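Dumping the structure here so I can ask a few things about it.
Residue numbering begins at 1 within each chain, and the chains themselves are lettered A, B, C and D in the order written.
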Amino acid sequence: MNDFTVKDINLYKVGQQKIDWVAKWMKVLNRLSDQYKNDNVFEGKRVTMCIHLEAKTAYLATVIQRLGAEVWITSSNSMSTKDDVCSALAKNGIHVHAVHAADKKHYQKYLKSVVACNPHVVVDDGGDICELLHQNPQYAKNLIGICEETTSGVQRLKEKERNGNLKYPALAINDAQSKYLFDNRYGTGQSTWTAITHLTNMTIAGQVVVVVGYGWVGRGVAIKAEGLGAEVIVTEINPWKAMEARMDGYQVMPIN
Amino acid sequence: MNDFTVKDINLYKVGQQKIDWVAKWMKVLNRLSDQYKNDNVFEGKRVTMCIHLEAKTAYLATVIQRLGAEVWITSSNSMSTKDDVCSALAKNGIHVHAVHAADKKHYQKYLKSVVACNPHVVVDDGGDICELLHQNPQYAKNLIGICEETTSGVQRLKEKERNGNLKYPALAINDAQSKYLFDNRYGTGQSTWTAITHLTNMTIAGQVVVVVGYGWVGRGVAIKAEGLGAEVIVTEINPWKAMEARMDGYQVMPIN
Amino acid sequence: MNDFTVKDINLYKVGQQKIDWVAKWMKVLNRLSDQYKNDNVFEGKRVTMCIHLEAKTAYLATVIQRLGAEVWITSSNSMSTKDDVCSALAKNGIHVHAVHAADKKHYQKYLKSVVACNPHVVVDDGGDICELLHQNPQYAKNLIGICEETTSGVQRLKEKERNGNLKYPALAINDAQSKYLFDNRYGTGQSTWTAITHLTNMTIAGQVVVVVGYGWVGRGVAIKAEGLGAEVIVTEINPWKAMEARMDGYQVMPIN
Amino acid sequence: MNDFTVKDINLYKVGQQKIDWVAKWMKVLNRLSDQYKNDNVFEGKRVTMCIHLEAKTAYLATVIQRLGAEVWITSSNSMSTKDDVCSALAKNGIHVHAVHAADKKHYQKYLKSVVACNPHVVVDDGGDICELLHQNPQYAKNLIGICEETTSGVQRLKEKERNGNLKYPALAINDAQSKYLFDNRYGTGQSTWTAITHLTNMTIAGQVVVVVGYGWVGRGVAIKAEGLGAEVIVTEINPWKAMEARMDGYQVMPIN
């Protein structure tokens, strides 16, 4: 039984539309799906996912299911959880344990629900599932390995490794070039401004924007702000990055 | 009695928050409000507004009310109508006749409701109120004049004028420099992309964007697309504008 | 006899190379040249030109000669005069009265030399030939008209017209859309920075650039400065233009 | 005796002006000069330089001389050699062996002239001095080490090292962050376009520019081309860099 119950028939229809839409654009995933579709690579495997639960990640879960796996999924952040998307996944037989704006207590409960299946593979975002499996090794008896897709999650893994406490193999997806070069820079650069403009109802052109830090995310946020017509000020403690920001045409100032 | 009924107490609270937020940033309107607040310039006047009904126009209605007028308002486009904002306006004593996603029949009904007050002043967006008052002159007996804020509405006014059929004084707000230089260019340029990115869940960087027409709106849309990292192609039949687009670094092609 | 004497054989060869190079890119002029080449439209006409004397204007003179005219040319600014280009023109039978870095006295002498031919048509840049012909009407007895290609020259013409003192027909080339939309904006925008970077041996990225005035030239200079990585500050007394500069992402400040 | 003879008094004056101008802007070098000026760090040392010989490198040579060294200098590329700058250096007591547009035979002769002093330190650009010292070890008896400032020179050094043939200590200046992050990207990006616009007399806005390779230099050239209003096409065989170019808004195509 899923924690997320499909009450509203329209909810899953709208969610399915959103998943179908993004599916058209996720060409690399589609190619992998086609390549392995006759091999049932995930036959008999249970995959547990803890991730921002919206259309694109939902389609990832869908493809994993299509390749033979049984999928348990929860959200790494209840505020980004889309109920319509969850509804569509549940309708399709994926075990969904998530609801928009769930509180911390429910978050913990959901985590336990998705590891109770004794997963073979874990897709983690932030390291909470990994932590849970270290505290409850009884759920890890089938575990082949963990993928971790955030900087902070990778840092937790590395600390465990340094202390000799890392019990399961883990893949630092975050350190892939396709993650930091593209997702962090162009993706976050744009989505930050979509969110701000949508929420604030403000024109960015002519505003002063201060970007704190000129790493991959900061660069992306700064260049999109410039592209929207803002005056951009960068603060950065690393002198090389500060100089790059300056040479890219931004004002560079100490943070206070 | 308003057509829009405040059923949900939270709805008007959220709407009021949105109006209060934009009020902080609408400095020119606030200055006018302060300047005339002791003069009751609109004392005893009825103002009818037909406009995109969201936080910023709601605040305009609020200021008109604050300066002494009684305000009747409907939406020029039911898809942009925000129910929470309408709710807040209704709560504040403005006569709101609008609901999100209303159909054409209701749109016509709302138009009639807001002119039935025999307005002194009309704020029109597209020319439908103006048309209605020409067909029903009984509602125009107090009418001092009409403000029209769109290109298409102004064209309808000018046609009426050419044919000798324009019965009421009208102000072409659309032709103000602050409208076409700023609203059309920077405003629409940004809001177009906020809407597209929000709806499509897509990264614009690396996409091919075709902009049809290189007028003020087209320029705004093109420069923001470039700022978001798109490859921009412009189609334009006016050769001077086509050449400007080319010199601005865009590809210029025939539309087919 | 020309004032400019071809002493150095290589000088005219280099000048001719420069003229041949720009000729390949001046497609509109080439099309006009082809269109009229069999008509000898300028047969028996004398054309006097006073203009920045470099490869592109030299090619204009060459085409005018090709279409049947006898051409007298001097420079409107001795600092932009290219001796190699002058040398090539003289070698081709055009009457050249100009030398790089000539002083004011020589400038006056050259002006007189090129009007002494009793021109049918004058191409003027700044209005000095026009002025000279008003003071010495004996040289204007064949004059059909004057083309003036600068803002300041057009202003002098208009003042003469207002005072009833304009004796000859004049064409305000400067007011053509192809002049102010393209030459003033994109042309001057780029050539300003080519000159500054070439002369100063400096990297523009990371510099603060102050642009005084946000007219067509100012816009061009500002956008190229931004494109080279500068932080751009605009000063502008016209409030609409100042607001446009702000919305284009520049800092706007009072000039002191 | 220098190979470069100061014949023209004005030549060295102009060269000195250029050196004095860049000296005002080379703040890091000036700070180092001030820091060590009382220590005579290079007292009694002979420094041999083979470098693009223009105002900025001339000032580097001047500072090395100021700190106590005797300096021998030649040019790594005779086409970039500025005779006026050479003249000023020679006038100041630096041993200059270079002339603009010297042929290959003279290049070889100059190389020998500047190593014949038995240098303590070598500043090399491309590796030719280094090579010469390996073939003529009699000139290297005082040699402390070599600085190499180009990618290609560093590659030659590394190959020598791999084969066990590197006889002298060498510093790969090219691999400093301040070299590839700034000089290669922003410096070459701008100077390429200054050279092209100056030479070709063309407006870049509206042109199609093809950039081959999206490394540091390619990025710099592409972003400045975009800033000048060109339509930019990038060719790149590395798929990550090709994707970055695409996400930066450029067209990406195979080279043929």
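For this structure, a couple of remarks:
Convention: contacts are C-beta pairs under 8 Å (C-beta built on N, C-alpha and C of every residue); 3 or more make two chains touch, one makes a residue touch a chain.
Just so it is clear, the model here is predicted, and its values are computed rather than measured.
Compared with chain D, the chain whose C-alpha mean position is the greatest distance off is B.
Between chain A and chain B, the superposing rotation on Cα atoms measures out at 180°, rounded to the nearest 5.
The distance from the centre of chain A to the centre of chain B, with each centre set as the mean of the Cα atoms, comes to 38 Å. One finds 59 Å separating the Cα centroids of chain B and chain D.
With each centre defined as the average position of its C-alpha atoms, the distance from chain B to chain C rounds to 46 Å. Chain A has residues 186, 203, 205-206, 226, 229, 243, 247 in contact with two or more other chains.
Those residues of chain C lying in contact with chain B across their complex are 177, 181-182, 185-186, 240, 243-244, 247. Residue ranges of chain A in contact with chain C, taken from their complex: 203, 205-206, 226, 229-231, 243, 246-251. Interface of chain A with chain B (complex): residues 18, 21-22, 25, 54-56, 186-187, 189-191, 194, 197-198, 200-206, 223-224, 226-229.
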